[in-house]
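Two complexes are shown next, each including subunit A; its partner changes from subunit B in the first to subunit C in the second.
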Partner chain A sequence: MSDRGIRARHSYREATARRRLAGLLDEGSFRELLGPEHRVTSPHLAALDLPAAFDDGVVVGAGLLLGEPVLAASQEGSFMGGGVGEVHGAKLVGLLERAVRERPRGVLLLLDTGGVRLQEANAGLVAVSEVMRAVLAARAARVPVVALVGGGFGCFGGMGIAARLCDAVAMSEEGRLGITGPDVLETTKGVEELDASDRALVWRTYGGKHRYLLGEADRLLEDDLEAFRTAAAELLRVSARPLDLEELEREHRQLGRRLAEFGGAADASEVWRAAGVERPEALPLLEAPEFLRAVAGARRGGR
Partner chain B sequence: MERLSFDLACPGAPAPRAPPVVVGVVASGNLEVLVEPGAAPGTCRVEVATSARGFREIWSAVLDDFAGRHALSGLAVSVNDAGATPAVVSLRLDQAVEEYLGGAR
Partner chain C sequence: MTAAELLLSLFPAGHSGREEGSLLLGSGASPEGEVAVLGTAQGLEVGAEEALALAAFVLDVVRRHPARPLLALLDSRGQRMSLRDEILGLNGYLAHLATALELARQRGHRLLSLVYGEASSGSALALGFMGDEVHAVEGARLWVMNLPAMARVTKIPLERLAEVSRTSPVLAPGLDNYVRLGAVESVWQPPLAAALSQALRREAGPDRRSERGEERGGRLLARRVAEAVRGGRGGGG
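Let's turn to the complex of A and B:
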């Protein structure tokens, strides 16, 4: 029997934001900043007479990853869908600004969010755009920023953009990454465009495997805290993605090629077939290691 | 939203001081509980913010039972509730105090 069969797996998806941080970082090393006892809660939710969370749905702080100092933030998707409000966003921005000052080995963003917290309207929108700017400022200061996406709420809206602004993205198959989520897409474009109740279709379209194959996710992981921990440490060691015009133009060329190659595809499985995957219909059923072997020659971009 | 405050009579030695602990998440049918030192000896101060109005008596009964199960003297307990049932509230309160006291050891 293999080691994998014996070792207990701890689901990343099922863990709370705090549990994820505890499992990801070296044991007992995490020190929270602006913790729940400070009660920095949302003034907007209070004005709307809605329940607040003492941490406004995001845990930020410092810890060690394989002995190296990192800053980390973890969004709690179960609180208002991980929506980014003014305080929530300010905590993320503050952490990234701290990274520019302190120069840790890197910043880990454990994203689990539907995007902007709609109840906070423009304050939430501003917060998300400030997060994007802060990610780029940290990268410009040569502090690598790595996004981890494996929670039950995925990573959508402006935070989907923020994830792709990071140096690297690691996802599980269960994680989803996109801008317009399935329900919003169905509401605005109609069920013919995307049936949000078709879970297999939703995961084919937004899930980690598709994102990995398109090169948008740099690692495809099993739903296992230890796998996320290993990948986070490894991605911090990989040289940072350049942040310059040349890289931007390279990405635009890549997007142009993607449109030319896959623009006619009506479903992710058609993309996989066109990319050269032999049995695309089998991909959703494969465990991560088998999946990685099956798509090794078909992947576009990514690291 | 309704805000409720309770001062539970808690005879006995004050609970040990430990770092604040938060458990649970403010999600539908769930709640978060923050435990920290803070109340006067002999009492436990409980502050509840709940989305469900009109349940003061039930909260009072659940909290009296809670005070009967644990030595809470000198602790402050703060709750953000999104409509959890009394059973869930009791479990979260127990979990929070056990984690807090675990941190004091």
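Let's turn to the complex of A and C:
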């Protein structure tokens, strides 16, 4: 069994964006940039008479992680599903540009988002593109960027691409990562393609365990703030992915192998079976440490 | 405009661009030298295979043709939406394509994008919008969601969305809106070969889309907010 009984866990998933940052960084070290007191809100929501938030659904700032300076952003899923609009996206871009200027130990992106905020559709799409470019520019400047995915809204749409542009991704089992999320997939392609109310199917497909097994996530964590803190520090230390031809060729081969091996799978559990997991039907039930042991030999890629 | 017509007007001196399974791959001859051409046709929805094939092309150009410019031609309704592609991790494939293009940029390849049909969501992000410069031809259709669908999802009356869209470039699909937002730098007029030559002669610069969005009145806050968070250069914190 896990250490659940030994130490109280503080759920990452249930925490607010600010609480996540407070729990992740050294105590009292976080300093917010352009915080709510500046009252920079979305101009586009007001035009639609929709309520605005003084942080536009994302908290950005600087702090310490195990004594080392980091920049961090945390999306608040409870505000418009963490959707990226003009201001929200610009805060992420500004933070990543600050990282290139200040060269902290790294940047942590606590992603909890459905992607583009539909109420700012076009501006949101451009903003996500700018975030993607800014993540890559930070990496090119050798400032490591780590994505953490464990919130209730998952990480979807263009932000699902942005997460995979980072040096590393850490997820909890409850976290979900993809591009076309379950609701959009059901709405667009019909319930025969995917029944978004089938929670087991949704988690099997998008959840942290499957992502970890594919090599799309580098760490699979329990839903615990301390576990995310430990993983974030470790990933900043060990996992910078060089933006060079050799690394991209390695990634390319891995993605090619994945298509060849699993391209015919109609369900994530078929991937697990084909990957050599002995009892794939048992994976969804395992706690993170047991899961990691069960898939140790079957995992593809990842760091 | 079909891909064949487009290639002919971009490269009157000749090109080897071929369309296979709605993917465009090849190269074209311009007065500024050979240009590597990649893209999509017929509204192709980009799935894992297509993203990987496009990335393979980019990596091959990086390996074999140092500094050769890359021209992305986009007519795509977005990413392929399927359970199977999600099981495979399509977001990772698209991220790989975007990273390959960034690698090319870092190694001195010019990246130009031309939207000649549709552009939306995943493929716009991973291919079209990765360019140093993004241009479009008249009639290009850039979108996130049409207004009736947006009305259903957001529960905002369609009339209201339409009314706001008369002045705001944010909601409704359309090339003009993306020009105002700064996402599309310019709309190329024939002869396209001349517009391409001019673009090839310019130097690459940093991502200036938020500045253009501010100048054009489409995004009044993006640049200022990013600058305030970035700090330095006299900006606040």
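In the analysis below, the second predicted complex is superposed on the first by the 298 of 303 C-alpha atoms of A that agree within 3 Å, B and C clash if a C-alpha of one lies under 4 Å from a C-alpha of the other, contacts with A are read in each partner's own complex, and residues count from 1 in each chain.
The definition used in the following text is that a residue touches a chain if its C-beta (ideal position, glycine included) is under 8 Å from a C-beta of that chain, and two chains touch if they have at least 3 such contacts.
Model, not experiment: these values are computed from the prediction.
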Subunit A as common anchor, with subunit B and subunit C clashing or fitting: fit
Which superposed partner A:T16 touches (first subunit B, second subunit C, both, neither): first
Touched partner set for A:V238, first subunit B, second subunit C, both or neither: neither
Per-residue touch tally on subunit A - higher for subunit B or for subunit C: C
Touched partner set for A:E76, first subunit B, second subunit C, both or neither: first
Partner chain(s) touched by A:P36 [first = subunit B, second = subunit C, both, neither]: first
Partner chain in contact with A:R164 - subunit B first, subunit C second, else both or neither: second
Subunit B versus subunit C as contact partner of A:A282, first or second or both or neither: neither
Vertex subunit A; arms to subunit B and subunit C (CA centroids, nearest 10 degrees): 100
Partner chain in contact with A:D55 - subunit B first, subunit C second, else both or neither: first
Superposed arrangement (fit on chain A Cα atoms) - minimum subunit B/subunit C Cα distance in Å: 13
Overlap of subunit C and subunit B interfaces on subunit A (superposed complexes): 50
Contact set on subunit A toward subunit C in their complex: 33-34, 38, 40, 43-44, 47-48, 50, 60, 86-87, 89-91, 93-95, 97-98, 101-102, 116, 118-130, 132-134, 136-137, 140, 157-158, 160-165, 177-180, 184-185, 188-189, 193-194, 205-206, 210-211, 214, 216, 243-245, 248-249, 251-252, 255-256, 258-259, 262-263, 265-268, 271
Parts of subunit A lying in touch with subunit B, wherever the complex brings them together: 16, 18, 35-37, 39, 49-55, 76, 78-79
Footprint of subunit A on subunit B - complex, ascending: 1, 20, 22, 25-27, 30, 32, 34, 36, 49-51, 78, 80-82
Contacting residues of subunit C [partner subunit A, same complex]: 48-49, 52, 55-56, 59, 62-63, 79, 81-96, 98-100, 102-103, 106, 120-122, 124-126, 129-130, 142-145, 150, 153-154, 156, 160-161, 164, 168-173, 177-178, 181-183, 206-207, 209-210, 213, 218-232, 237
